[in-house]
Amino acid sequence: MSEMTYAQAARLGLQEEMRRDPTVWALGEDLGYEGGMAGQYSDLQAEFGDNRIVDTPISESTIMGAAVGAALAGTRPIAELRFSDFAMCAVDELVNQAAKARYMFGGQARVPMVARMPIGIRGGIAAQHSQSPEAWYTHVPGLVVVTPGTPAENRGLLKAAIRCDDPVVYMEHKGLWGMTGEVDESDQSEIPLGTARTVRDGRDITIVSWAAQVGVASEAAEVLAGEGVVAEVVDLRTLWPWDRETVMASVAKTGKLLVVHEAVRVGGFGGEVAAEVAEELGVPVARLGGERIPIPFSIPLEEAYKIKADRIVARVKEMLA
Amino acid sequence: MTSNLANEPARVAAMFRKMLVIRAFEEAAGENFFVGHVRGSVHQYIGEESIAVGICENLRDDDYLTSNHRGHGHSIAKGADPRAMMLELFGKVGGTSDGKGGSMHIADFSVGMLGANGVIADGCTISVGAAQAVKLLGQDRIVVNFIGDGGINRGPFMEALNWAKVYELPVLFVCENNQIAATTTTRLVTAGEGIAKRAESFDVPAVTIDGNDLFTVDGTAARVISEIRNGSGPQLIQAMTYRLRGHFAHDDAGYREAGEAEAALAHEPIRRTEAWLLENGLSQDELDGMRDEVTAEIAGYVEDAKQADWPDPSLAFTDVQDVGAPAIPGVAS
Amino acid sequence: MSEMTYAQAARLGLQEEMRRDPTVWALGEDLGYEGGMAGQYSDLQAEFGDNRIVDTPISESTIMGAAVGAALAGTRPIAELRFSDFAMCAVDELVNQAAKARYMFGGQARVPMVARMPIGIRGGIAAQHSQSPEAWYTHVPGLVVVTPGTPAENRGLLKAAIRCDDPVVYMEHKGLWGMTGEVDESDQSEIPLGTARTVRDGRDITIVSWAAQVGVASEAAEVLAGEGVVAEVVDLRTLWPWDRETVMASVAKTGKLLVVHEAVRVGGFGGEVAAEVAEELGVPVARLGGERIPIPFSIPLEEAYKIKADRIVARVKEMLA
Amino acid sequence: MTSNLANEPARVAAMFRKMLVIRAFEEAAGENFFVGHVRGSVHQYIGEESIAVGICENLRDDDYLTSNHRGHGHSIAKGADPRAMMLELFGKVGGTSDGKGGSMHIADFSVGMLGANGVIADGCTISVGAAQAVKLLGQDRIVVNFIGDGGINRGPFMEALNWAKVYELPVLFVCENNQIAATTTTRLVTAGEGIAKRAESFDVPAVTIDGNDLFTVDGTAARVISEIRNGSGPQLIQAMTYRLRGHFAHDDAGYREAGEAEAALAHEPIRRTEAWLLENGLSQDELDGMRDEVTAEIAGYVEDAKQADWPDPSLAFTDVQDVGAPAIPGVAS
């Protein structure tokens, strides 16, 4: 077991998979010298060469489109888009090509690629660098959507994403790059895609979340615990497929659901989870998410956007009242 | 460009036959579109057959090809089975995708045909990625991408040109310049001299040829493909041609100058190749026989397609993905 | 009053607005000779000239980006993308520029543009030409999302979209181009954005839908009426903002909600509506939407994707059981 | 390119002063980034000031400008108020966007500055649309777009070049070639001779100049802008320059060859312009005075920014949209 950051754990997972499988490679801007936005590729070009850690032109459409072609032709590319915001420059290639090739071609093709596109707010990078569009990709048949929440998960889920034969949208949260945690280097297994993690057991309400918001939800649960409310906190980890069984079992036990995400509430994935639970169990459900505003720059404005623990606490109390 | 082909009448005849297959396939696709057997969009390759055949005859089976919306000719030339393609157009079992894809999504991975494409220019970025995989895997395949004259104005194509040269990838871009994009005269929305000049600005060697002349296409392809296989990096061929029909089967091309299409018939590749064969040893009878044979062959596929089974609705739910796949109705999950 | 098709009504609305306001113009592929995919622009180039009905190169990013620039510079462009599928080639320009300019620039800018991108299945055009991604744009602050369901609405809502100072994502349904209906040419008023239309009064259940699915829902309601179940059918018409008041009032009356859309169910806008209603009213909710598969080509497969009236009927009965 | 500027020392001095304002602004932005007053990304324009000033001094107030991530210099040169810009970087009320945008989203519509941009090359497509509006409205404004050497490889830029020429739009593209994009040497990911050749392949006239020479930039801009205003259609200026600092304030540019940045100091525009002024009538005292004045001016803005109010959180909810706007907390809707 070693303590490492979320970024280091991702780097380790990638390095291990590249050592294991010579067809795994990565392409994107500034992967070589810079080593990626948070060092998640650092020094890998020295180890694997510049044809496996490929510095590309600023050509997002082609980063994504080339990954599709390379996956169709027998390799396992990781397309690094730096920000999920820039990945919007390549939505067509992801949605119209990567996600559909296997189906349109009647099963002749597989597209084993990872489209890596960090999400989330991090210190004033504002409207075009802070978005969390994970809900979009859950709506696209063919795609798998992963949102790791801890260092260990950023290694184990990345390994799973790389080994997966489907195109995986892999969304690290920029606010977590520096988060530290224990990673068991001796364990080379992947974390199965589609399995949630119960972060905290509870009985009064289930709080479902993912990515950076899991920490905030846990903080809220801690506060609530001090007031005698025992909340169960579930980290979905994978949004498609999401772990319906774990969530339904939890809500069946607690009788109430609150979904919390950093993404804008309107049209967010919280609606999917809440609606499914309401349909199946008929229990009270609620969602917290960002207001429907672009992410602002200035501290008090950015703070005004965020879902803090106190808002979660207040919402839970309302639901239990 | 001189071609050895002129010394090989038998090869010309074989290529001519393939052109006839494409022509007959497209005629049948159009007819069956009009009577409602074929749905969706059908973009016919009529009048451009010499390009696909001239290029693809110079490829190996394991070379890759990416195509666009007008992909039937490219697919047949690369070796896809026209019977399976016809079944696909009819949406039947046995089609190249068992009816999941249709005309715009024909693919045959067994012969390196990585797919037609409904989105203009997306085949370009896919092709450079496939070429990167080829290099990484240490293979000596090459990748051919077909793109139209309208498609050259999409950014991803221009990115792909740069990309292909930066990594010196074994890619051949073939721009089929039929001078029109749907109903829009390409010249009116295309600045500068055109694609050859643009390609050269990326240091991608480009040559413009008469695409309706099978000999020129073949000769150029032979040279360029061998250069690419020997490491020249990407190249581009601009093949001038003419779209004899409307943009798709349900377009009467009424926007054309009167007489334009008729005049173009004199230059169309099947007539021209046929004339050469007549001068070079084949009799009219032999040629007519070949044509009848091909017509009958395609008619047979149409019959097969009519008779073939519809896919079971459950097939709509398969081959989406491994992880998080939809439940298949009627199958316990 | 004249009877006209959905496409003709759209053409009329555009023509009226272009006559009224010389800063209104349209840009896209094949608008001149072809007159748009369904004749919704036909002969307008003859009337307004080729600098107001502009035939463009095949350059989706620039069609959208140019519209943003032209809107910032004092005109009201309509960016025609032909298919919402191709509009994915210009998601960045729509989401990162059009939607955010006003906000990022602190209110200095307005982006009065219409991004017109038809949705839906129509006769075998398969996976890359049949998608309904309306939910995506409801998730993007700054955007308005409109989905007209009849000829009269395709005129009245288009007028409203053109007059609106916000960027409007205008999603006609391709399956409706030929639908006929009455249009009152003497009435130049717009249909206010954000107002739903109650298509059919009821008391037992509320069925909320939009675009082509409204017709299917009405068909189902007809069947149900024959069996003594009186369903209320609401056409949202605008997804953002959606008419919460009308929906809540209806569900408060009927006590049950079913949302039906052609788009994939997972991650669809049905989740938003169902979750909001469940949160607010605590009544049973359900959703019907496409399975999470690409749209297939072949008739039986395409049919297998569609939500038919019988499925709506069956679901309603289950809910009432 | 000879410039009249050499005969106008007073104008040179005024432009020099503007360059000093940009330099001082950028130094202050960087310092305040390091101590945490400024958050987000700060891309400094240090070493490239002569380009923005040389170009924008030849524009009218009502001409439009679109910029990229490195937009402070462009904004100041176009006439945006550096005080409001500093407040914006601090996220304070009175900032160009009252703190909603920050460094990458500076805009001042009152002087035609249509915005910096966080997405590479998106300013290019916006600029051609603005130019289309100009034509439609019968105005005689022109539109200038600044793009980096890395940005030229994005498809939308190449689409915009074609588009600008097709409609003969009054657009000036200025490619600031500092030879690097973030940490990547642009040459290594850019095929061909570069942007001038590419532009010419679209029939967009292009000229490559020493961007660090204020006289050359001014002279070229004067000629090209007047040509464009007189209907020449789009043109492109490639201004060679050097990014004296890291990509952004928190980048030490350790990827550079040893001594490279030091060597470049000899060619940087402020020194060069200062040397000319010294030779052409200004005394060192006068120049030092000017520099002190500018430094004090910017220091004052920093002080103002420190003192200024934070925006009320409710401002986060305004100016999103008219229809379907979010509720403003604390305000009954």
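Think of it as A, B, C and D in the order they're written, each chain with its own count starting at 1.
Following the convention adopted for this analysis, a residue touches a chain if its C-beta (ideal position, glycine included) is under 8 Å from a C-beta of that chain, and two chains touch if they have at least 3 such contacts.
Keep in mind the model is a prediction, meaning the values are calculated, not measured.
Summarising the inter-chain layout, the chain whose CA centre lies farthest from the centre of subunit A is B. Looking at B-C alongside C-D, one finds more C-beta pairs in contact between the chains of C-D.
Each chain gets a centre from the mean of its Cα atoms; for subunit B and subunit D, those two points are 46 Å apart. Distance between subunit B and subunit C, defined via averaged C-alpha coordinates, is recorded as 35 Å. Separating the centre of subunit A from that of subunit C, both taken as means of CA atoms, is a distance of 30 Å. One simple way to say how far apart two chains are is to compare their mean CA positions; for subunit C and subunit D this gives 39 Å.
Within subunit D, contacts with two or more other chains are made by residues 95, 97-101, 105, 117-119, 153-156, 159, 162, 166, 188-190, 320, 324, 326. The multi-chain contact residues of subunit C, meaning those touching 2 or more other chains, are 56-57, 59, 61-62, 85-86, 89, 92, 96, 103-104, 126-128, 141-142, 240, 291-294, 296. Those residues of subunit C lying in contact with subunit D across their complex are 23, 25, 27, 51-52, 54, 56-57, 59, 61-62, 64-75, 77, 92-93, 96-97, 101-109, 141-144, 164-166, 193-194, 240-241. For subunit B in complex with subunit D, the touching residues are 153-159, 161-162, 164-166, 188-193, 197-198, 200-204.
Residues 64, 66, 95-101, 105, 107-110, 114-115, 117-119, 122, 124-137, 143, 155-156, 159-160, 162-163, 166-167, 318-324, 326 of subunit D are the ones that touch subunit C when the two sit in their complex. Residues of subunit B touching subunit C in their complex: 39-41, 91-92, 95, 97-102, 104-105, 117-121, 150-151, 153-156, 181-184, 188-190, 255, 310-317, 320, 324, 326, 329. Chain contact summary for the complex, subunit A toward subunit D: residues 29-30, 32-34, 55-62, 85-86, 89, 123-129, 291-294, 296-305.
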